[in-house]
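Next come two complexes built around chain A: one with chain B, the other with chain C.
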Partner chain A sequence: MNPERRHLLGLAAAAVLAPGLRLVELAQARSPEEAASALRRWGLLIDVEKCSDCDACVTACHEENGVTGHGRPATDAQWIRKASLRDRATGHVQTMPLMCQHCEHPPCVDVCPTGASFKRADGIVLVDKHTCIGCRYCVMACPFGARSFIHEPVTGQKPDVPRGKGTVESCTLCVHRVDRGQIPACAEACSQAMVFGDLNDSSSEIHRRLKSEPSTQLRADLALNTGVRYQHL
Partner chain B sequence: MASAVQYREIEGRSGGFYLLLIVLGTFIAAGLGAAWAMEHQGHVITGMTNRIVWGTPHVFAVFLIVAASGALNVASVASVFGRELYKPLARLSGLLAVALLAGGLAVLVLDLGRPDRLIVAMTHYNFKSIFAWNIFLYTGFFAVVALYLWTMFERRMNGYTARAGVLAFLWRLVLTTGTGSIFGFLVAREPYDSALLAPLFIVMSFAFGTAAFVLVLMAACRWSGRPLGDELLARLGNLLGIFVAAVLYFVAVHRLTNLYVARQLEFERFLLVDGGLYTALFWIGQVLVGGIVPLVLVFAVRSRAALAAAAGCVIAGGFAQLYVIIIGGQAFPQQIFPGKDVSSSFFDGVVASYAPSLPEVALGMGGVGLALALTVVGLKVLPFLPTKA
Partner chain C sequence: MTRVAAGILIVLLAFPGQAEAPKFKIERGEACVAPVAEMRRDHMKMLFHQRDRTMREGIRATRFSLKGCVDCHASTKTGSVLGEEGFCSSCHAYASVKIDCFECHTPLRQAGVASRP
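What follows is the complex of A and B.
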């Protein structure tokens, strides 16, 4: 087969297959009418040992969700942050991403007076931007400092990610992407250290690894059963 | 005899009266201006951050709400425990309770990120949230105290005063339990997470409310030229002293218990030894000025001036105590990774910095101004104050 003919066939195959692959993705996605299913439990597995000294996950998250700062870290929204840990006894240093842990028993949901903080059936913890009154009780209750109060007017919002001054927000596990059958932006940006998937699906990589390898939950003493798990912490 | 007590509105025509209203009105206007600025520009103009999400407005709001419950002490002692001496003051006690609560709630609501969504808070409830319960406890308090006052004002209803008094007494115990539990239920934060905060807030309410009542009573009687008996003031002083001692007791039990919990040691060291401003506010503001000095003043010095000074000290110490509880409790970093030093762009692992801003102080003082203005107007339009006490 001459190279030109091979190239043409390759293009033709791509033209036929690519829409097909896209169709498979769409077929796996939830339709807007279909409710989130309690049969699923979305989660993340983060291997701290493979987490390098970069902030690709933070950049990808904030770009995907239109989270821009004003150069004021004390009041700017931070949906995900890199934390550096140093063991006091040994001096062992690690770095890891920290965000909403999507608890099965979320303290933020318990304390919210209006029910704006809520947990979807598939385990994703969200804030309803229409009923949040900005009381910040959820920020007080979160064990992980995962929530941000919006201190300033917001510009450049993404259509999928409504935001607003005077309300509270946090990592949504990129719910708009998950509902389209995609994975969260952070996990896409860092495939070596982060795995996204359905904790309940025995065929998923996250389930298999949690079954066969040791992992930990942050603040396990609170028995919140977090959806985000860590390894080698 | 209680029936012989004469009540009369204050005259409210003097220059001093209008000057007082102008001063209080200025505070209210400044508070509204601060709330407007915060609503338009966002909380970025305050000292609050993502680490200190509850700031000075919450210190004022919680103080006023807690003091509101305690301001009803005098009425409760008269109606529930049958002390005749206090009966002439029961009406003022109810008025001050309602006014302080209104001032505190105004601050709380105007500090919300979306105060325009108050209607959402009134129509969407999550009954697992103590905040949602508090909405009913606070609005119910207005209704219960209004009913209680009606049984006192309306001669035909006087027979029901004792029963209404018991209802109001129980309601305010539950109300302050709810306020203390806002913090007590924060399971993930070492400085809070204790059932002890509910009874602590109840005794704090007794102390702060009695102190506020003593000062308002002395000012109202002096400025309206009405006599105030020495025996009554001496009794009020004893009551205040007992409540102040009770607050010190609960604080001591809380701290000593925590000192036995390894997980709590770092916070206790921060609070009691090396927390800088918070340590100073705890020992000097809360314990010395808010506790020991008023005890000496009411039990050893014993005079009118000493009682007024003691009440002032209890209020100052109360603000220090709430500043330490609310802001110090948030400034201390959350213990997510025990045994590790943590650093991040979110200021994990370090004591969060915070300084009260002008809009926050103005909003808080606006609440105080509103509470006192409502009291002053109440005294002028209805016979709350006895002609002699």
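What follows is the complex of A and C.
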């Protein structure tokens, strides 16, 4: 970091510290010219107990990202879905949202032959559709079934979310919103059960709760160190 | 035989060697992000470079963003850079260059920008 920039940052910090509380917000919204930093690790904490029988997160996600189907559930893209878990012994049913778990060691990145599937510095796992050849190795490798292949031409894309035939896609953790300092659409739609934040930031709610309350990672046996965590599962 | 030759001659006369230059109107903004000559020659390099920086590193500088191109250059009639008089498509058709940007990216100006002067 050059001295001028450091000085500027110092000034900014002083300006914000005075009224209080603003520091966290500012820390999240980086300037558009600044690259994503490895000091951050974005994640989600989902409290399954508070997840009710609705699909607000799914609707919000697909609305935000312009994910529309053709009425063919077997092949339509699915960035997030509601999964139901039923205890065989008691019949107790839980529902929870399931999407890309944004692993620290993502199998989809390991298998990608072109480097299109990649993990950004701040832990968000993405597909670079410019280099994706649609081989679908990643679809096979993902233990969570989080990726979809686009079989048909797409129209009506959102300006921030390009989507097209012949490529693979999945939850981007609403990377375009995160880069603007906003939270993902699903977390915004369901503030009761979903918390988004920086796992590395000790002042964030997600860090605090992961530190003080029990939580689980899906398929923890694979040691992928997922960015999405669940509670009361 | 003479009929065929006459036919060929008519075709040649009807379509002289030069194709018609592309037609488009730039309806917004006073100046582009770089001088016109540079833009004509190098716009693809700028977009290519910016694309990787945005996708891989999350740098969303607006100067060379495709969204920025579309916001200024989309036709006020159709709101698109594609179509017969579309800024991108008319020139690429003339130069016989097939681009696939808009297989994934929207060729339409964002709704919020349409009302901006």
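Convention: the second predicted complex is superposed on the first by the 205 of 233 C-alpha atoms of A that agree within 3 Å, B and C clash if a C-alpha of one lies under 4 Å from a C-alpha of the other, contacts with A are read in each partner's own complex, and residues count from 1 in each chain.
Here, a contact is a pair of C-beta atoms (placed from the backbone, for glycine too) under 8 Å apart; a residue touches a chain by one contact, two chains touch by 3 or more.
The shown structure was predicted, so the numbers you read here are calculated from the model rather than taken from an experiment.
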Legend entry - Contacts of A:Lys82 with chain B and chain C, given as first, second, both or neither: first
Legend entry - Partner chain(s) touched by A:Leu126 [first = chain B, second = chain C, both, neither]: second
Inset, instruction - Using the superposition on chain A described above, determine whether A:Val175 touches chain B (first), chain C (second), both, or neither. - result: second
Inset, instruction - Check the contacts made with chain A and report whether chain B or chain C touches more of its residues. - result: B
Inset, instruction - Figure out whether A:Thr167 sits in contact with chain B (first) or chain C (second), or with both, or with neither. - result: both
Inset, instruction - Pick one for A:Cys142: touches chain B only (first), chain C only (second), both, or neither. - result: first
Legend entry - chain A residues contacted in one complex by chain B, in the other by chain C: 130, 153, 165, 167
Inset, instruction - Flag every residue of chain B that touches chain A in the complex, lowest number first. - result: 39, 41-44, 48-51, 53-54, 112-115, 117-118, 120-121, 124-126, 128-132, 135, 182, 185-189, 330, 334, 336-337, 339-348, 353
Legend entry - Residue ranges of chain A in contact with chain B within the complex: 70, 72-78, 81-89, 98, 107, 109-116, 130-137, 139-145, 147-153, 165-168, 218-219, 222
Legend entry - chain A contact footprint on chain C (complex, rising order): 51-53, 55-62, 67, 70, 103-106, 108, 110
Legend entry - Of chain A, residues touching chain C in the complex: 32-36, 118, 120-122, 126, 128-130, 153-154, 156-160, 162-165, 167, 175, 179
